[in-house]
Amino acid sequence: MTARIGVVTFPGTLDDQDSLRAVRTAGAEPVSLWHRDKDLKQVDAVVLAGGFSYGDYLRAGAIARFSPVMETIIEQAKAGLPVLGICNGFQILTEAHLLPGGMLQNNHLHFICREQKLRVETSGTAWTADYTAGQEIRIPLKNMDGRYVADERTLDELEAEGRVAFRYLDVNPNGSLRDIAGITNAAGNVVGLMPHPEHAVEPLVGTGRTDGLGFFTSILKKLVNA
Amino acid sequence: MTLDTVKHASETPEAEQPWKELGLKEDEYARIREILGRRPTGAELAMYSVMWSEHCSYKSSKVHLKQFGEKVPVNDAMLVGIGENAGVVDVGQGYAVTFKVESHNHPSYIEPYQGAATGVGGIVRDILAMGARPVAVVDPLRFGAADHPDTRRVLPGVVAGIGGYGNCLGLPNIGGEVVFDACYQGNPLVNAGCIGVMKHEDIHLAKASGPGNKVILYGARTGGDGIGGVSVLASETFESTGPAKRPAVQVGDPFQEKLLIECTLEIFREQLVAGIQDLGGAGLSCATSELASAGSGGMRVELDTVPLRDSSLSPEEILMSESQERMCAIVEPDKVDRFLEICEKWDVIATVIGEVTDGSQLEIFWHGEQIVDVPPRTVAHEGPVYNRPYARPAWQDALQADDANKLARPADAAELREQVLKLVSSPNQASKSWITDQYDRFVQGNTVLAMPEDAGMVRIDEKTNLGVAMATDGNGRYAKLDPYTGAQLALAESYRNVAASGAKPLAISDCLNFGSPEDPDVMWQFAEATRGLADGCLQLGTPVTGGNVSLYNQTGETAIHPTPVVAVLGVIDDVTRRTPVAFAEEGQLLYLLGDTHEELGGSAWSQVIHDHLGGMPPKVDLEREKLLAEILISASRDGMIDAAHDLSDGGLIQAVTESCLRGGKGARLVVPDALDSFVFLFSESAGRAVVSVPRSEELRFTDMCGARGLPVTRIGVVDGDEIEVQGEFSIPLSELRTAHEKTLPGLFA
Amino acid sequence: MARVVVDVMLKPEILDPQGQAVQRALPRLGFEGIADVRQGKRFELEVEGPVDDAALARINEMAETFLANTVIEDFTVKVEESK
Amino acid sequence: MARVVVDVMLKPEILDPQGQAVQRALPRLGFEGIADVRQGKRFELEVEGPVDDAALARINEMAETFLANTVIEDFTVKVEESK
């Protein structure tokens, strides 16, 4: 038996197909979830994919956060359901207050698409167990609103509790405070990051690297061994 | 104000009408009266004026474009040719690909962000209307001088608009061009292209047949966007602003378009439409008249049912509105409910606005009163045709006589080195990544090659690895020197780029950007360029599947360089065999394919070093281009080369610099005995490429070239961390990288 | 120091996708009775020196040529008491 | 119908690169004497029915939970005379 991993499609979601493919590539069963359905179809974990839900109007993630599917996800995430938010998904998670802080427009005010070097700071989350803490990976990054901000106290807390999950290396591409590329909640089941692991699962396309596959194998192993 | 009904028009034949303000000529207005046997109503006048504008009717270019349909190469790939929203070619395995390039030049000058954004939106809807899922976009761009203050206004806005729209649609941007030249100062060129993929059986046409079938308008509400935009902005230089000529700008909503795409694809999957058309320039006027004209019957539309954003719009304005993100479908009555259901699922507003009739007229009603009663063909397909006078410009001979080969050349190795650095850092030759990094090239997870590769390439089947490639090229400097040759050089370069990536060129689309057709000099350039392109396509075996003409790109008396942009589409059976441009393997041998002549006319060197434009452009030999392409494709398929880069503007040194920087490896170059080092580095002879060959493949590769008669010269080896031209100079890669990459951020960041 | 506020809104006839998206979302969040939403930009300028007619004229010009794109946007300038 | 305006600005301690970009550009365009620029959002809401205390309370809640993200933004609500 393998694990069922859901990928949510909001109006304006773009990377749902890629995320479904990444789930399949890792060996799990991909399940499409629709924003209007409260029903999560008994999935074992959820990916909030990248894109521009509701056009990123108002604020990235602000409108999607109030969708019916999010009601269930918010509730179940608090009870331990593994949730990975990629890019727009990360933005939705902060808007939903499942993760602290907020996302603002890149400090250079342009959309940025590049191959980005990251350090995985912790292997202690549901989505990073297949990496070692300190491991460096390179995966695509592409966003307009990628600048992570939070007040000093929150930042200190995140650092102290080992909840900064990913940090930008070489270049901070958007002005994120303390080079933060992604964070986790205290329980380690909810993880959000701006770069795109789902775009780095096959050597043929994208940047030609597979550094992102570990996110999906991590969760699969955790679920299957559970 | 009383409604100008058909009845009212018949009763008031002498009423004054603003045909002139709407851009119609006196004889055109007379012809409308003759067709109708009465004066047109206001709504009819609005329809004819937009549909007979240069932009919609191609009235000045038609007689020349005809050649693309007459000189058609034998090519089984063509499934749908010129005349539809976009052409369709067969790429094998049951797949068909549709692609097209369009211009949004004038709107982008007025409002760079929205102009460029809606340009992307428009071309994507064209592709969607063919039944295809859009899979990638490209954006050939031309701006004024890089350091001109207005370029600082226009370029960042255009780039943000293309990115803002395309990124939000989830379409990878896989290629394009950025060219700076003072001739585009008041007339930047913003061309946008899109590729779509479908199965053969999914091809849809813009045609309304089947009496009783419903006409459904779906997508955004109709507002006052771009009213008069089509006839005014595209037909006249926008300096002459009359009363009706306010630059009403269209504003795009990419989120709405994304919903429209997904909704439409779902509708296609369930086979719910009998005909479909996007709403672009001329809005409902265009969609209803084209659908009705292409179909067998007539059409009746209740215009007051159109959902409005602004309730004060008059019927004329509704007909002319260019509100974005709208489509029009013809649907059998028993499929309407399901159609509307899918629209509801995607939060897309859909309204039945009329039906197909068994008559022959397009009839439009406003609250029960008839305001339009016209034969649709006369609006959509039988507009005026002009055979405008043209003549070789008086200055052409002097321009060609001003030979660039006679310009002062570098005196010594130090100066040669300095000129290389100047060249690779000049705005036209510098890295474009400050721009292309604002475009998402990864989305959809199928991008195999994207900038700065020679061609963009996407996988279209995950199981078989079937893929398509596209490149766009155009060199206005060459075309200015000789438009016939210039158009063929654009074709040849684009064709070569596709082949260099390992894909087989199949067909082309073009975007022809020129000055005013009322100027005989410009008209000659246009005639020559189209003749060159048609002849070239015939010889290369690549049919023209469609394209776009943008005229009146001029400020006062000064026209832009004639700028035919050619997009070549190629197919590759197995994308794992693609050839990148990067020299990445130390020790591999570098070979130059093709012949190098002393050809500096129109070259980047002549522009950068001497600010000169004169002489003749490089010669074209299309048989040679074909042979080169065959060799590049075979070599990629059989694994004989690891990298290839075509040679074009900037010549050999530009290509080698790009390939070295991309791969992060240096090169040692040896000037071939027969060549002078300056000519070796800077000449822009066509029909050439440089390839990187693993040592184990050297014999096999050179034997193949020898056997097929393609000149092949060993010019060096991939090695170290500098580019060294033996006996002349060397430049560290780091220095080259800084020179190449700092220019655009320096100007625009 | 005085604060001058420049509000920039899309012209009424121009499509405002952001405002529309907000408006469409409101009923779903349980907020009824909002007939229309338009979204624009607000610039808060801290002005050195006195905000006299000359200063306001300059700020008007700045708004006209730079802060707003008058092809698609309208603007208003007003002086606020400084905080 | 009455108009209620909600202004949303980044909290003062949060970097505002948009405002900074505007401020940096001003001298180049010949506008001196602007010490600081902050850029925010302005929402114009057309409210059906009377804008009484209850309505304003609801709009305040809407701003707090939706129009602004109070982790990073502050907002103000004010009633404008209708046009």
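A, B, C and D label the chains in the order they appear, each numbered from 1.
As a working rule, contacts are C-beta pairs under 8 Å (C-beta built on N, C-alpha and C of every residue); 3 or more make two chains touch, one makes a residue touch a chain.
Model, not experiment: these values are computed from the prediction.
When the C-beta contacts at A-B and at A-C are tallied, the pair with the greater total is A-B.
Computed from the mean C-alpha positions, the centre of subunit C lies at a distance of 8 Å from the centre of subunit D. Centre-to-centre, using mean CA coordinates, subunit B is 37 Å away from subunit C. Within subunit D, residues 66-67 each touch two or more of the remaining chains.
Each of the following residues of subunit B touches two or more other chains: 253, 255-256, 347. Subunit A has residues 54-55, 57-58, 66, 108 in contact with two or more other chains.
If you draw each protein chain as a dot and join the dots that touch, the picture is not a line, a loop, a star, or fully joined; it has some other shape. Pairwise chain contacts in this structure: A-B, A-C, A-D, B-C, C-D. Here subunit A touches subunit C in the complex through residues 54-55, 57-58, 63, 66, going by the rule given at the top. Of all the residues in subunit A, the ones that touch subunit D in their complex are 58-59, 62, 66, 94-95, 100-102, 104-109, 149-151, 175. Of all residues in subunit C, only 17-18, 21-22, 25, 28-29, 39 touch subunit A in the complex they form. The touching residues of subunit D, counted against subunit C in their complex, run 1, 7, 9, 19, 22, 25-26, 29, 31, 33-49, 55, 58, 62, 65-67.
Residues 160, 163-164, 167-170, 253-256, 258-259, 346-347, 436-448, 459, 462, 465, 575-576, 749 of subunit B are the ones that touch subunit A when the two sit in their complex.
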